[in-house]
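Order as written gives the chain letters A, B, C, D and E; numbering starts at 1 within each chain.
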Amino acid sequence: EAAGKIKIALAETPSDELAAFFVALDRAKANGLDYEWTAFSDEELAIQAVLSGQMDIGFGTPYAAMQRSKAPIRIVFQLSKLKFFPVTSKKYGKLEDLNGEPIMLHSRGGGTDSIANVIEEKMNIKFGDRSYVPGSSNRVAALMAGQTDATIIDLSNKNKVMKIAGDKFNVLPMFEVEASDEALFANLDWIKNNEEDVNIFVSALLSVWQDMTEDPSIISRETDPNGPIGQLPPEILGNLDEFYAAAVQGGLYDPDGGGLKAAQADFDWYARAGQLEGDPSTLKVEDFWYLAPLEQASR
Amino acid sequence: MVRRSFWLKIVSALVLFGAWQVAGMIPVSYAFPTFLESMSALARMAADGTLFTAYLETLRPLVVGVAISAFLGIGLGLWIGLSSRFDWLFSPIFIVMQAAPLAALIPLLVMAYGIGLTSKVFVVCIMAMPVIVLNTAGAVRNTPASLKEMGRSFLASDPEIIVKIIVPAASPVIFSGLRLGVSAGFIGAVLAELKITPTGVGDIITYSRSIADYPAMYAAIFSIILLAVLFLNLLERLEVYLFEGNVRGYASD
Amino acid sequence: MVMPQIKEVVDVPGAQEADNAVVARGISKTYGSVEALKNLTLEFPRGQLTSLLGPSGCGKTTLLKIIAGLLQPTAGEVEVNGKPVTGPGSDRAFVFQDFALLPWANVLRNAAFGLELRGVAKSEREAIAEKYIAEVGLKGFEKAYPHELSGGMRQRVGLARALAVDADVLLMDEPFSAVDEQTRRKFQEDLLNLVKHENKTFIFVTHSIEEAVYVSDQIAILLPRPSRVSEIIRPADLRHKNVDNIRRDPEYLDIVDSIWASLRSYVE
Amino acid sequence: MVMPQIKEVVDVPGAQEADNAVVARGISKTYGSVEALKNLTLEFPRGQLTSLLGPSGCGKTTLLKIIAGLLQPTAGEVEVNGKPVTGPGSDRAFVFQDFALLPWANVLRNAAFGLELRGVAKSEREAIAEKYIAEVGLKGFEKAYPHELSGGMRQRVGLARALAVDADVLLMDEPFSAVDEQTRRKFQEDLLNLVKHENKTFIFVTHSIEEAVYVSDQIAILLPRPSRVSEIIRPADLRHKNVDNIRRDPEYLDIVDSIWASLRSYVE
Amino acid sequence: MIVFGYRLPAMSSLILWALVWEIVGRLGLTFFVPPLSEVVVTLFSVIGTAPFLKALSETAQAFAAGVLAAVLIGIPVGILMGKSRLVDELLLPWVNMFLSAPLTALVPVLMVLFGFGMKSIIITTTLFAIWIIILNARAGVLQINRSLVEMARCYGANPFQAFYKIYFWAALPEILGGVRIGVIRAVKGVIIGQLLISIVGFGALFELYANNFLMAHFWAVLIVLFAMAFTVSELLAYLERRVSYYAASR
């Protein structure tokens, strides 16, 4: 079993945002990692798949699942940070203007929901009705169709909107968020049985994340033209460089792969957001993160 | 006979729920609760009212969509069945619609009609309508010619022939279309709540899943299936009530 | 049971030509390429029963439907009570070969259906229907549905429905085909009774030579497709004879035999 | 067409009691609460045709199916050729009231179906079937499908199938009910021919008194439910008489009348 | 419809609707509906590419396996239910329930029970198709002319012979009708499975194109799917017509 392919559960279909991840996978493969991947429609499914042992390693931020279910799930790498942007019509100029106003978010209990909770707390405001539309691109469509005046969307969609119709919308200034949006996690028992694979994987990720911070264009250069990213329609591929340049600049990716720092930020964030119970300071990092592979890779 | 079939139902239900309970106890997966856990979650949600507010939300697009599909679908079906011109023009549309995997269209609907009631009603209609229209049209076309002739020979007017002969004669097939349509409508409503905006029962399912409250998720799934089955039984009652003579016994008895 | 008749008048062929309830003149009917009827002319005297006899598929039902106004002839015309037929009318009632009962309606509503379509009030039409249901021997089955009846009983409901609308002309397409021999005999006697007591004109399709001879005032023998009338036979009035003996009456048997002789040539 | 027979032997009732192909002893049959047959005993002499006559629903089909081994009697037993019946057997063949042809198979396969089920090789069974198809007058229709045939032709396919398996006993349930009167007469004559030329035992259900009298060696009249045999009539052999005249033969008419008299009491 | 004495083929009105589409697309009312011509051009550019062929083979495999399972299990079960009252009473309520239950809600359960790969998608497909196949096969057997069965027994058929020489053929028109509807439902099932379980095959393409507003691509793949479903269902409808000659006279 341990010698077989490791099974990776993605939380979305391969697209520009996953290009860096696939570059890392290619590097890991060159170092002897044997893998296969499956895309799920959302992160909850990926978590479920790892929980039930059908997948080895998954995408997402499974804090709630870790606290509630008896399964020993641990995070090993922070893939991206919660870089989301409140985008509104010209009606609003700053976050405080949204007090009592309706807002459109991804899903109840999801990342954008927690961002909204934290905004409420930090700005001391209260949003009006929250409506939920999964998928940033769908929220962009709703925004452009005038069905909502305020939403929270991810970096690439923010860039898209502002490129198409920058004159009609505002990106509200936001405080910095260090918490994880996507992280790589797996069952602790599995990790221990496959220590070597995990190490190769985390090292590859870390090296890509660091190289990318130096030069975002390595992603498009290293992308395998026959891989899942290389096969995307040219309309999408053409934007890779632009996307990663903006992402690195916007601090979407942590060149250190998260670790202790990210764990603390997450506890703080997800406790405020209501996904973790209890006082953040009493939570133990080793109950949620398994830091050994990252430490080994940083050495 | 009635007693036996009743007991068979009970026994088969017990077997199924028992299997569920056992599978949950093994457990098959951390994400698979037992039957009893799920039922207590159901009771909890029913007691604190979550379930009812959720269904208020879910039933709105469903009822509106099913009502629209039923009226429009039967009307269009009658029309298509009666006029060869409309048959030519419209039935291919519904045949294509029936064959189409409309789940894929949902993102488009969201873009076109937003996330409100409209697009959910639309999803329900799109799922439910084709089978209602096609069944009605087929049944109307297949009305026994001799009954229509009988009506004419006893001087029925055209509207009378439609109301008193064609519709009742077509009613079993229309109702089976309605049944399939309503069930497709339920699928559409749940799909809309899973893929468009998580409200109502779809919200309970996705939210429970995101906070890893699996018993609640299974309870919600169980309740919607139960509701669909109850709804369809109601429809069957209605059919029996409206067209008593259509109920014939077992062919084999 | 009909008692022996002591009516000694013998029909002279052609004696009633003056008063025809229905006249079909030069009727042709083609279905696509199938020529069912060809230039058929036939008169149906008022108050009498005319049988149509002929091989299967020769066009008897077609002729009946043309008279009923349910089908348009390709050529020729039908007159009922002197007026040309353009469509179904309240002066004619049809008893269908396949019964044509509404399966979702009970016996009472089925029997009253003709009246319902004529706008007769519910209580009134049900009273009338009940009377005729009793008359065809179905009393007690008013609430039953067609699928709960035997073939013969269903046929009788169709009969009651046609009788209930009180039309001048009754078009009956093999009305006794589904009932067993014993019941059939009873019906034949009832039919004779009807013909005698009500001044209605009956047009009757049957496959049974004996039945035709037994119940008819006039028998039209049709040729196979394309159909014309090959012969018209007017059995002498057999009704004055004892019903129980009629089947051994030489006159009756002569007619049966002559019809048989002219029909058997079509059976290969 | 069967030519007049010059066979002057008159059947003496009881003369052939010694050799019965089928014996039904004390048969009772209840369906749930419906008592269809009650303690019915009847013997079927070898090489003869026995008709069952009785009101609709009296249990004629039930008796036939019990003899065929398709139904288990509630009480009593049936012996065929001296051996008790426990299920269907190759010594009996059934001609079904509704033909029971395979609609997806052509005439040839239908006629050969009984042999097919017995595992006879294809070429052999088709040769046999072809012979019987020709015998029932369907030569040239081997490749036709049942829906392309008229009712009478379908009936003959069923007959050919039953004949092809060469069973001792032929059980025929209203075999001529679906054909029109003209064709029916021809079939009756063919049947008489069969009885004469093949040493088979026929059990024949019909609703027509005339038909029963015309074709039978012995007629069993059944009472309404619960059915027993009320009377056995052995018409004197009418076959020596001219077919064309038989219907006016006083002997024939006497028998018809006496049966009619005993049956009419059940028709209200 | 008959125009100037010429009978228009049944599906020819689709040409008219294609024209309407083209006009709506050209008017540029909404970017969700690009002109049909553009979609067709995109279709040809997409159709030979590796992702498309991969999606096609993934979808076709899941679909074929799901339908095959539904047919192989559904028909015998349906026939058995039609034959045996006990089996019928045992299974019918469940079959009816699953026919009308919103199967989409069950998909998450399937994922847990059967995993997240192809297996679940195949099972989803099967679940969408099988119930109507069972019900139709059952209905076909229930309306079977009882004398055909008796005839077979009478001429010495064993149960196995009765099954494949009588029951199957006698119920074939209904069975084919059920398979046709089942196949149509299976297309929906396979796509729903691909969207809700793991994102593979055409489901993945739809998701990708919709997320990136590639409308012409989206419609192009949708057309391919329409065409596939339509072809399969018309093929079965043709078979149905082949046996309809005896459907009315059983």
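Going forward, a residue touches a chain if its C-beta (ideal position, glycine included) is under 8 Å from a C-beta of that chain, and two chains touch if they have at least 3 such contacts.
If you want to know which protein each chain is, UniProt gives these names: B, E = ABC transporter permease subunit.
Please read these numbers as outputs of a predicted model, since none were measured by experiment.
Asker: Minimal path length between chain A and chain B through chains that touch?
Answerer: 1
Asker: Can you list every chain in contact with both chain A and chain D?
Answerer: Chains in contact with chain A as well as chain D: E.
Asker: By mean C-alpha position, what chain is farthest away from chain C?
Answerer: Of all the other chains, the one whose centre lies farthest from chain C is A.
Asker: Which chain lies the greatest distance away from chain D when centres are computed from Cα atoms alone?
Answerer: Checked the centroid distances; the maximum from chain D is A.
Asker: With centres defined as the mean C-alpha position, give me the chain C-chain D separation in Å.
Answerer: 32
Asker: Between chain C and chain E, what is the separation of their C-alpha centroids in Å?
Answerer: Roughly 51 Å, centre to centre.
Asker: State, to the nearest whole Å, the distance from the C-alpha centre of chain A to the C-alpha centre of chain E.
Answerer: Roughly 38 Å separates the two chain centres.
Asker: Centroid from C-alpha atoms only, then distance chain A to chain C, rounded to Å. What do you get?
Answerer: 86
Asker: Counting only residues that touch at least 2 other chains, which ones in chain E make the list?
Answerer: Residues 108, 112, 195-196, 207, 210-211.
Asker: Please list all residues of chain B that touch 2 or more other chains.
Answerer: Within chain B, residues 28-29, 31-32, 107, 111, 195, 209 contact more than one other chain.
Asker: What are the residue numbers in chain A that touch two or more other chains?
Answerer: 48, 52, 54, 135, 141
Asker: Which pairs of chains touch each other?
Answerer: The set of touching chain pairs is A-B, A-E, B-C, B-E, C-D, D-E.
Asker: Along chain B, where are the residues that touch chain C in the complex?
Answerer: Residues in contact with chain C: 144, 146-147, 149-156, 160, 164-165, 168-169, 171, 243-246, 248.
Asker: Where on chain B is chain E touching in the complex?
Answerer: Answer in residue numbers: 4-5, 8-9, 12, 16, 23, 28-29, 31-32, 84-85, 87-93, 95-96, 98-105, 107-108, 111-112, 179-180, 182-183, 186-187, 189-191, 194-195, 201, 205, 209, 217-218, 220-221, 224-225, 228-229, 232, 250-252.
Asker: Name, in rising order, each residue of chain D that touches chain C in their complex.
Answerer: Checking each residue of chain D against chain C gives 55-57, 137, 150-151, 180-183, 185-186, 207-210, 244, 247-248, 250, 253, 256-257, 260, 263-264, 266-268.
Asker: Hey, which residues of chain A end up touching chain E in the complex?
Answerer: The touching residues are 9, 12-13, 15, 38-41, 45, 48-49, 52, 54-55, 135, 137, 141, 226, 231-233, 235-236.
Asker: How about chain C: which of its residues touch chain B in the complex?
Answerer: Contact set of chain C toward chain B: 65, 68-70, 87-90, 92-94, 96, 98, 100, 102-106, 113-114, 116-118, 145-147, 161, 165.
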